[in-house]
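Naming follows writing order (A, B, C, D, E and F), and every chain is counted from residue 1.
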Amino acid sequence: MDNQPISRFPVPDIADLPDDIRERILAVQEKTGFVPNVFVGLAYRPDELRAFLAYHDALLERDSGLSKADMEMIIVATSAANNCLYCVVAHGAILRIRAKNPLITDQVSVNYRNADISDRQKAMLDFAMKIRDGGHTVETSDFRFMKEHGFSDDDIWDIGAITALFALSNRMASLMALRPNDEFYRLGRDQG
Amino acid sequence: MDNQPISRFPVPDIADLPDDIRERILAVQEKTGFVPNVFVGLAYRPDELRAFLAYHDALLERDSGLSKADMEMIIVATSAANNCLYCVVAHGAILRIRAKNPLITDQVSVNYRNADISDRQKAMLDFAMKIRDGGHTVETSDFRFMKEHGFSDDDIWDIGAITALFALSNRMASLMALRPNDEFYRLGRDQG
Amino acid sequence: MDNQPISRFPVPDIADLPDDIRERILAVQEKTGFVPNVFVGLAYRPDELRAFLAYHDALLERDSGLSKADMEMIIVATSAANNCLYCVVAHGAILRIRAKNPLITDQVSVNYRNADISDRQKAMLDFAMKIRDGGHTVETSDFRFMKEHGFSDDDIWDIGAITALFALSNRMASLMALRPNDEFYRLGRDQG
Amino acid sequence: MDNQPISRFPVPDIADLPDDIRERILAVQEKTGFVPNVFVGLAYRPDELRAFLAYHDALLERDSGLSKADMEMIIVATSAANNCLYCVVAHGAILRIRAKNPLITDQVSVNYRNADISDRQKAMLDFAMKIRDGGHTVETSDFRFMKEHGFSDDDIWDIGAITALFALSNRMASLMALRPNDEFYRLGRDQG
Amino acid sequence: MDNQPISRFPVPDIADLPDDIRERILAVQEKTGFVPNVFVGLAYRPDELRAFLAYHDALLERDSGLSKADMEMIIVATSAANNCLYCVVAHGAILRIRAKNPLITDQVSVNYRNADISDRQKAMLDFAMKIRDGGHTVETSDFRFMKEHGFSDDDIWDIGAITALFALSNRMASLMALRPNDEFYRLGRDQG
Amino acid sequence: MDNQPISRFPVPDIADLPDDIRERILAVQEKTGFVPNVFVGLAYRPDELRAFLAYHDALLERDSGLSKADMEMIIVATSAANNCLYCVVAHGAILRIRAKNPLITDQVSVNYRNADISDRQKAMLDFAMKIRDGGHTVETSDFRFMKEHGFSDDDIWDIGAITALFALSNRMASLMALRPNDEFYRLGRDQG
C-alpha cells in the first residue's frame, strides 16, 4: 500500500533537499533500511524540519533519568490520546524495540492503565496525560507526588517536554494526514 | 508474559465448566490453537457467557449486508474509542485476517478518518461512533444519510447492534481488566 | 398517544413470532396487563431478542447481594445518563415498585447524588457510573473502596454487568427510538 | 418523606418573613394547596427571593409568542441537562398541566429529541441547549435558522432569557440541595 | 470602534426609558463617565433589567464575608470559563480597581490556578467553578472543605449565588453579543 | 510584583548562559526594554531553547500569506483555549501592537466569535481551533472550505504549524508556571 499519498501537502524529492537534511535522511535510511515519512513530509519546510530535529535530539538523546523505553512510552501514550496515526505507529515500533517487548505498544496505546508497566511508569504516564490535556491544571501537589515516585525536577521536565514536543508533532502529522511507512507496523513484533 | 493474571475475578478451570461451554471452548482451541481469554474470563458466570455467545453469534454470523471485515472494523473502531485493550487486540487480529490487511487494525484503532477505507466504510464508522456515544443523538436525517451510502435498514440495525454488543463487551473486559492472549498481538501481521 | 410508532424499524405481529417468544410475551402480558414495547421492538430479530432475554434473566433473576431495587436503581441512573427514554421510563416504573417508593425514580434519574438513598447505594451508583463511562479508568483502588462499603466480588461483578447490559440496551432503544408504553409512566406512583 | 431537610442552609419560618413575601407565599399555598419549597429555601435571603420572583414574573407572565407549555418545556429540558432535581420535578409538574399531557415531562427531561413535540419545539429546545451550554457559540446563522421556524426576535429573547434564568435557578437549587415537595412528583399525571 | 452594534437586539434610546431606569443610568454615567452597555442592552426589557439590578444589588452590595475584590474575582473567573466577553471585560475593569492590582484580571481570566491569589481565594474559585459547571456535583464534603478555609455558610451562599447570577448574566450577554464599552478595556491598568 | 518566582524550575543567570543565547537575549532586551521571561525560563535547557527559537523564527518570520497580526491572533486564541497565562499575556501584547488595536487581545482571548475580525480571520481561527483540539478530525472538506476563504496550502500549513508550535509552548509554560513580565500586561493598550 506504499503508493498511497504520504501527505496532504507536496512531498519534496530527497535529491532536491538541502545538503544537511539530505545527509541526515540518508544516514537514517542506511541505519533503518527505509526513510521514515516524517522526514520527507516535514521537509516541505526545511527550516522547520531542522528545528524539529534539533528539538527532538535535544530531548530524546540527552542523558536523562528516563530510559529510552520510558521516553517512547510517553510518546505512544500521549499520541494515542491525540489520535495521531503516524506517531503511534512509528514510535510504537521504536517502543517495542527499546522495551524489548512486542506487546507493550498496543497495551500503552489502548489503555496504559492495564499495561504491563511499573507503578513508577504509571505515575509518569498520568503526569504526561495532564500535560497532554494542556498542562494548566498542574499544581505543586503534582510535583510532590512525582518526587515521591523518585522523579527529579529534570525527569519531570523531560516528561513534560517530550509530551509537549509530541503535542506539536501529533498536530503536524494530523494536519498532513502523514502516512506511516508500512515497515513500521511490523517492526519489533517478533522478539521477546 | 502469559503468567500475568487474566482477570481481576476468579478464572475457572476449563475442566470444571459445564459441558456445553467446555465443548465450545475446546472447539475454538482446536481451530485457533489457543483458548481466547474472554471465554475463561466470562465463564466465571456460565449463564452470562452463554447469553453473550448467543448474542455474538446471532449478530456476527448472520447473513448481513456488511462483510465480516466491516463487522470487525466496527468492533475495533468503537472498542478503541472505549479504551478496551482486550477487544482491540483480539478483534484487531480478526480484522487483519478478515480484511487480509496487516495495517488496517492500527489505522482504524488510532484514527479511522485517516485509514485506508472506502467512503462507505467511513460513513459506517461515523454512524457506529454515534451509537458508541450513547445513540441518543441519532435522528431521522442520520438514517437518510446512511441510505444514500447504500445501507439498508437491516445494515443500519447491524451496525448499531454490533456497536451496542461491544459497548457491553468493552465494559465487561475493562471491569475484569481482561488480558488479551499474547498470540493475538501478532496474528495476521505477516500477510498482505 | 399509543398510536405513535413504537420503533424506527418494522415491528412484527405477535401472532407471527416464534412460539417461545410469543409465549414469553403472552406471559408478561398476563402478569403486567400489557406488552412492554421492548419485546416487539427487539422481536424484529428473534435470535437477538432471545439472547438479550437470556442475559437479562441471568443477571437480574440471580440470587445476588444486590436487592432488586438496587439493580433497578443502577439501570435507571445509568440509562438516564445515557439519555435513554425507554429504559428510564420502563425501569423507572419497576424501580418505584421494587423500592416501594414513588419518588425514587425521578430523584435517581435527575441527580442520584441528591436522592434519598444510603451511602452504600451512593457508592454503588458511583461505581456504576465509572462503568457507564467505559470502565477503562477502573483501578484496584476502586475495588478496595467498594469492599470497604461491604460489596463482595460478586456484587461488584453484578453492578458492572448490569451497567454493561444496559449500555447495550440503551443503545438499541435509542437506535430504534423505542417508545415506552404509556402505562409505564404512571406505574408505582400511587403507593408509599 | 417530607421530614427530610429542605435545604443545606437554614430555612426560615414563614411567620417570620417580611410581609410581602409571606403574603405571596400564602397566596401560592391557597392556590396550589402547599408551599413550594423554593419559596422557603430562597427566603433565607429575602432580597434575593424578591429579585428572583420579579425576574420570574417578568419573563414567564409576559404576553409571549411562546405558549406557557413551551416555556415550561424549556425549563424542564435545560434543568434536566443541568441535573437539577428541584426544577425538573417542580416545573415538570407544571409542564404536564400546561401541556395537558402526562407523558411530556419524562420525555423532555430524558431525551427531548424523541419526545412528542413539533419540529418548531425541537428547534426551540436546540437553541435553548446552546444557551444552556453558555451561549458563546451562538452566531448570526442561529438567528436565521430560528426565524425560518417562525420565531421572532422577541421569541428568541424569551427562549434565551428563560434558559438563562434557570441557569441561575438550577445552580441555586443544587447549591442548597433543595428538596422538591413530594406533591410535585404526582401532579398532572392523571389527565390526558 | 464605538460605532459597532452594541447588541443583536434593538437598543432603546435612554430618553425613552421609564423614569426609574433612566435615572439609574444617568447616575451611573455621572459616576463612571459613560453608560455601561449592559444597561441599554438589557433595557430592551425594562422589567427584566429592574429584576436583574435588584438581584445584583442584593448580592454585590450586601455586607458579606467576601471582599468586593473577592466578588469580582468570582465573576471574572466564571465568566471567562463561560467565554463571556462583556462580563470579563467590564467586571475585569472593576476587579483591577477593587483589588488595586492591574495584573489580576488577566491572571484570573486565563488560569486562576497560576494567579497571585491566596490559598483561600483559590479554594473560593474552585468552589465557584463547581457551581459554574451546574452545581449538581456539590456534596457535603465540599461544604466541610470550605469551612476549613474559613468560609461561613453565608460566604458559601454568596460564592454560589454570585456564580449563579453571572451564569444568567453571561448567557444574556452572549445571546445579545453584548459589546463591552471601549472604556472598560483600559480602566484600572495604570495603578499598582 | 516582579519578585514572584518566574518558573517552578531553576532560572539561570543571564551572565552564565552560552554566548549565542546571551547575545540573543541582550538584543531582545535592547529592543524591548526588558527580557521576556520565556527566555530565562527555557534557558534552563539551552539546547531546547535554541531549537524553540529556531522553530519560532522559521514560522513567524517567514514571508507568509498571513499577516503578522493574523499570526499573533492564532497564538492568542489557541493559547487562551489552552489556559496558558504566559502566552496570552505576552503574545496578547504583541497582537495589540501588530494589529494596532488595543481591544483585540481581550476580544480574541475571551470569545473570538464576537471579536472585531473579518470573516476570513474567523475561518482561520476556526481551523486553528481544530488543530488545537488535536487535529485528528481535519478532513479534506476543511481544506476545501479554507481555500474558498482564499487560503493557500502554504497559509493552511502556517495556521496549523503556528497552532502546533504553541501547543508545545503552552504546555512548557504551564509546566513551568512561567510568569509573564509585568510589562506585557500594559503594552499596546494606549494606541488606536
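Operating definition for what follows: contacts are C-beta pairs under 8 Å (C-beta built on N, C-alpha and C of every residue); 3 or more make two chains touch, one makes a residue touch a chain.
Treat the numbers as computed from the prediction; the structure is a model and nothing was measured.
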Requested in this report: Would you mind checking the shortest number of contact hops between subunit B and subunit E?
Outcome: 2
Query raised in the report: How short can a chain-to-chain path be from subunit B to subunit F, counted in steps between touching chains?
Result: 1
Query raised in the report: What angle of turn lays subunit A on top of subunit F when you fit their CA atoms, given in steps of 5 degrees?
Result: 180
Requested in this report: Let me have the rounded angstrom distance from the C-alpha centre of subunit A over to the C-alpha centre of subunit D, please.
Outcome: 51
Report task. State, to the nearest whole Å, the distance from the C-alpha centre of subunit C to the C-alpha centre of subunit D. Result -> 28
Query raised in the report: Just curious, how far off is subunit D from subunit B if you go by their C-alpha centres, in Å?
Result: 44
Report task. Quick one: which residues in subunit D touch 2 or more of the other chains? Result -> 83-84, 111, 114, 136, 174, 177
Query raised in the report: Okay, what are all the chain pairs that touch?
Result: A-B, A-C, A-E, A-F, B-C, B-D, B-F, C-D, C-E, D-E, D-F, E-F
Report task. Note which residues of subunit E are touching subunit C in the complex, please. Result -> 136-137, 139
Query raised in the report: Where on subunit C is subunit D touching in the complex?
Result: 1, 4, 80, 83-85, 88-89, 92, 102-103, 106-107, 109-111, 114-116, 174, 177, 179, 182, 185-186, 189-190
Query raised in the report: Residues of subunit E touching subunit D in their complex?
Result: 8-10, 44-45, 47-48, 50-52, 54-55, 57-59, 62, 82-84, 131-132, 134-136, 138, 140, 143, 153, 156-157, 160-161, 163-165, 167-175, 177
Query raised in the report: So in the complex, which bits of subunit A are touching subunit C?
Result: 111, 113-114
